[in-house]
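Letters A, B, C, D and E name the chains as they come in the text, with residue numbers starting at 1 for each one.
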């Protein structure tokens, strides 16, 4: 259990989550399900990102209780991935929202949410 | 200047001899053909009479300028070959103007007359003329190949394209004739001659019972006279060319006459015993046997 | 210098501000936006000029006051300045173009537009990996938002596909980024480059994910279906944005990130790019939809540029030049073409013929197409040239081949499209509405393209200006298009005259070979142009095209370097293409002409590359080639033989020449074909015709020439169309010429020169005459003519003399050619080839007679009873040539003796001896002047005799003939013309069976079928596209690791 | 044969019937029925071969008699169909649609007898006579001798002999009759 | 001969109800779009009249006539049943070549036209055209009683009785049909006439052209050409 470690759990769950999301994105015919798949993929990646930034036995990168400027680098977890994750979540959200907006538009036009019905352009 | 005038006079004399010999030769050939058919045939002087009659026709018509020029081109072609062909080996006067050009000139000068004739007949507007000409040209294209190959073979053998030199190389006895030194080329050349002289089986061009007489359908009177004159000259000259190339040339008129007669007789002989080819048949025929022989002639001398 | 940060500041600030004023008048908002974009453009352009002028150095701006890696930094180097300038200028012009649309869509669209533009700028400028990711996403979101400018269901679904695919890609990119951070400990690109990240396996995977994501953003084949749908369905302004703006930025990202990756991966990048270049262009062939076609082209161009980046190690110091010029070409052309697509509003490319209603649009279209293809004088030409040169220097033959194949495939569909524009049916198409704001941007880009071309050329350090003088003259003539034809004609002739005045005397002193060809080009040009006085009206487009061709021809002669030669060669090809395609029904012929020409040009280019790699770029250095000499020789020969229409490469010619206008046919037949001959001669002279490896090629060429002559002449005999007959005859004659030069002996070459001059003269005479006759009788079919000698005696005489010269009957100059041939063939020992050539020569009689007989002799038709003699403007040049041919025939030695001396330098053995007019070889002798005298005198004597005998001949009319006691009924049924050589056809027609045409058709069919088969991977399903992306990543992964 | 005729009579109003030979018979029908009868014979009875069409001028009755002769290759019988038409206004329905060659016969009849066949191809063009402008020469009221004498410059002194008499006179001049 | 004055071809109105369709004046559009009239009779045929060509001076003419007589080129044109009698002439049995008689396939080159038997009006038209296309001097030989007085066709509505009303006949060979020997005799007779300078049929035809033409046109209603077929 010790060998596994929290970051690995996060990493693997993130990996599995993103694979599930990718699988959903690639196989589900329903557009909404595809978007859900994408969201899962996105979340999985965020988990991975956090896992990457995780440092064992370290605290949150907030200066204060036990964390001084001097030992900050040794004690705190890397703050950058966390910052990145925040940004990534925002962007992922934006994209998901845009996808949903598109889904609404598509449904308005063709009254269908099956991705197979939108194949007019090809070749 | 004097030289040239004398030269011209000799040339005219030569032309006169060749013309008359051509007519005599034609008449004797017809006599021979008649005898083969158990007839007596025409009087030996018939060609002269025909010619006089044609020139003495009182009326004539003309379809246009080219119609008029056609026979001029035609006779020009025949006389031109005569002019550029050395007749008698070793005689300066009887070598005519052969210093102006070699064998190639003569080979290509044949076309001069053909082209003019073709255009003249074309201007006549008669469809049969044009049919005849297309046949003639078609056949001629393939007739030329064996001859070309034979000439190349000769050029390789004698290393020259000058007729005079080719004849010179054949002097000194029968064994030196191309006929014996290069028999394959001779065969190719003589097969080509059959087509060039247009006797049967290669006479579809003027096949009288199909396209009345072919190219000269519309020609008559003096026009036809000119054409007949040319025919007489051309036959002798063609025979003389082959004589020079393959049969050792001639050193005197007697030899000239005998040899040209025999060469001409060859085509008549073949003609008498053969029926007529259709045009595509003759085209293909020339591309088979004579072409193969011509190729062989060249291969032997590479 | 205004800092690059202000670019972002302006954009963001404006976007925010505008967001506050929701109710703001759209006009004002848009003005603000344009002002903002203008300011952004200004900033980047000033940096660009600063860099170019050397006033500034690479500058890094730090945000938040920290040094990286702790903050985001923006770098403004020369490249960045250039790329942001491109993006911002595009943004500005695109904004102008989209003016109406944006206004219609309101403030939000304007904001998104600005944000997207800003995103692209940051992508270029930033040196932070995550920042890059963020702004990539911002731009993607922005683009997808802009896609919604159009509300069709296809647009929306394609936008969704784009989003799905983009999402997948960005996921990988994100993983890659974060893993890089894990292994490199920094997101600052410069740090990553210096860190040894590739040492660990995980680091490699991280880099791989990043790289593949960037590559996928460049839409590599075949994982690019999602982008194509967007290109096809989005508003053309947005497609332009995607292609010119977004792709440019992404390409720069790849360029920027390249140092991060292991050096071995460059090959992978190059291969990916190469496959995309070929694959996308292959599939483009089947496209009918203009925007989708442009999408394919866009993907292809990106592939090429990716390949260039991947190949950077071979390109050395020229890498940037190549990258920038090709990128610039793509950027200008693609934006321009998408914009035009928005103006035309027709989806199908065969409806683009309506562009023809607006000449300006056609010009723009032409400029863009040529820019895209890398034709001179546009920038990508120089880029491609340098690319090939450098690749050749690196010994990368496979790459040269791949790039040329890709370019060729691209040319296939672009010129098909061009053909539709120039010649397609435009009846019944809707009216073209041009809004002013839509036309400005393409005009600006076209202008920039031309200027950039000049600039790129001068960067290569050529004495480039001399080659631009004719172009400027042409441009001037082009501006005078509104004038009537005869004025322009006068200008054109004056220009040609000036060219002759300045060049010919000098060439006469220095180089006889070039003098002869220049003489043919210029003299022929002037004479054929003279015939153009016949045309009334403006004759739009004719003079620029013709003069471009002549400028190219003159350039070929004057070229000293390989580049100059190739430049002129391509110029000539373009000009002649425009000339050829002007004819009726000549769309397909112009197309096949262009394809063969381009294929030939690429062969030449490849060969030049190899030459350049070995001995430098001087044309005269051709002889110094040592390695691969045979290959180079063969490539050059094939390249030039496409112009001489040697058998196998000839199928473009008959149609192209036959359908061209009456005065264009002689230009392209009598003159243009000689360019190929000149090229061959340069090769032979330069590379030494007799060197060991080449002689076997020459042997093959000899046979090829002989068979070409045979088949060309035979096919000519079976034609019903007069001009087609002459065209086939040209093929045959060029076969002779090829044969003559392939002999590589002095005699052969004298014969060849004789033929070149002769063919020029008689083919010009014949094409002008027949062309003029066609103008009068309004038909090409010979069986519909006949008897015209009565109406056009002068034309007949000219044609007769032309035919006599053609057929080689003494005494005209054609015979001289035959004489030299005989001698040369026998001395060379090519007996059987020679026999074939002579057979072909005799067959020439068939068609010579046919054209004279069926056009001029025989039966005059009812409707031609009142036709006039051919126009004087044709007669004058024709008779100048006739007189020329007579003099040349009489005094052949005036020309041939100097040529003999000239050739003695190459063939010291001197087998021809000239004594006055008499030529003697070791085989035979010939005296042209005397032959002429003798024949002339004899002819006159016989004619006189006949006249004396027969002066009173009654002149009769055409039906007065023997008709078996009947009379003819109609001239049509009495004229023996149709299927004239039926018997011959029966015997030998199989030789002319169109096997070669069938072969090329099969090739074309195979290629298009392959394209049609492959493109089925683009199912139209967004999931499939996403799957493609995943599969692509996996495959590449396994290929690398 | 009888069966055919019987059958025929039951279907058409056949006025006259002559059995010329066992395998040859003539029937006479009305002008209006003729073509349908012929069609019937061709299509039903198997008289697929058209032998000839000719005419006789019955000037006394003021009639033209048209005779169509048909042949049945299977039954090996001939059938002649006679049609009497008015001589003053000779028209007859055309049968060229049954056999193409009928048109040629009709053209000849038009030229030689002046019998019109409206609708027959090229029926008005001259067939054998080129430029004939007299009454049709096969009509019996056309006097060919008179016409020849008027037109063709007969040579005087023409006489004729009975060859037998002539030879007898020549060989045996003394022998009296 | 009396008809000579009242028939003048030129004044006759050119209305011809037998004018063939292809010989009618037609309106044609040229390639330049202009319309114009084509009158086939004028535009496609020469309408000159034949001219009398006087013989040259006597001695030369005698010589030439001898040559002409010995070189009789016969047109291979069979008109009636007599045409079957001509081919045997060239067979070994009769061998007309001995007499300088040769066959020619085209009237342009021939000098003898043999009317070999009865002439229908239709054939007469062709015979006349052919005769007119021959070049002067030219001779006509008529075989059989049909050509002399109509023979057994004397009362036919379409067979002429006397050829000499339409063409200048030099020699008649009587018989029905004359055998080849008779033809040879005819040739000999013709030669005698030519040598004597009496065979001036061509000039006679030109001289009495109007008379001949009137006779011809009396029966040939659809001549459809200018008067003289060059």
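We take it that contacts are C-beta pairs under 8 Å (C-beta built on N, C-alpha and C of every residue); 3 or more make two chains touch, one makes a residue touch a chain.
Source: prediction; values computed, not measured.
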Each chain counted as touching chain A and chain C at once: none
Chain labels contacting chain B and also chain C: E
Chain pair, B-E or D-E, that carries the greater number of C-beta contacts: B-E
Chain at maximum distance from chain E, centres defined as averaged CA atoms: A
Most distant chain from chain D, judged by the mean position of its C-alpha atoms: A
Intercentroid distance (Cα basis), chain D paired with chain B, Å: 61
Chain C and chain E: spacing of chain centres that average the CA atoms, whole Å: 70
Between chain D and chain A, distance of the C-alpha-averaged centres to the nearest whole Å: 108
Chain C and chain D, separation of their C-alpha mean positions in angstrom: 79
Shared-contact residues (touching 2 or more other chains) in chain E: 106, 108, 125, 230
Shared interface positions of chain D, touching two or more other chains: none
Interface hub residues of chain B, defined as touching at least two other chains: 59-61, 212, 217-218, 221
Pairs of chains found to touch, sorted by chain label: A-C, B-C, B-E, C-E, D-E
Residues of chain B that touch chain C when the two form their complex: 55, 59-66, 68-69, 71-73, 75-76, 79-80, 83-84, 97, 99-105, 108-109, 111-112, 114-115, 118-119, 122-127, 130-131, 133-135, 137-138, 140-142, 144-145, 148-149, 152, 155-156, 159-162, 212, 217-218, 221-223, 225-226, 278-281, 283-284, 287, 294-295, 298, 302
Residue numbers on chain E that touch chain D, as the complex places them: 17-18, 121-122, 125, 148-150, 154-162, 165, 215, 218-222
Chain B-touching residues of chain E, taken from the complex the two chains share: 50-51, 53, 64, 67-68, 70-71, 73, 91-92, 95, 97-98, 100, 102, 104-106, 108-109, 111, 135-137, 202, 230
Chain D residues touching chain E - in the complex, by the definition given at the top: 126, 128-133, 137, 142, 144-145, 147-149, 151-155, 158
Chain E-facing residues of chain B, complex: 34, 37-43, 46, 49-50, 52-53, 56-61, 208-209, 212-213, 216-221, 224
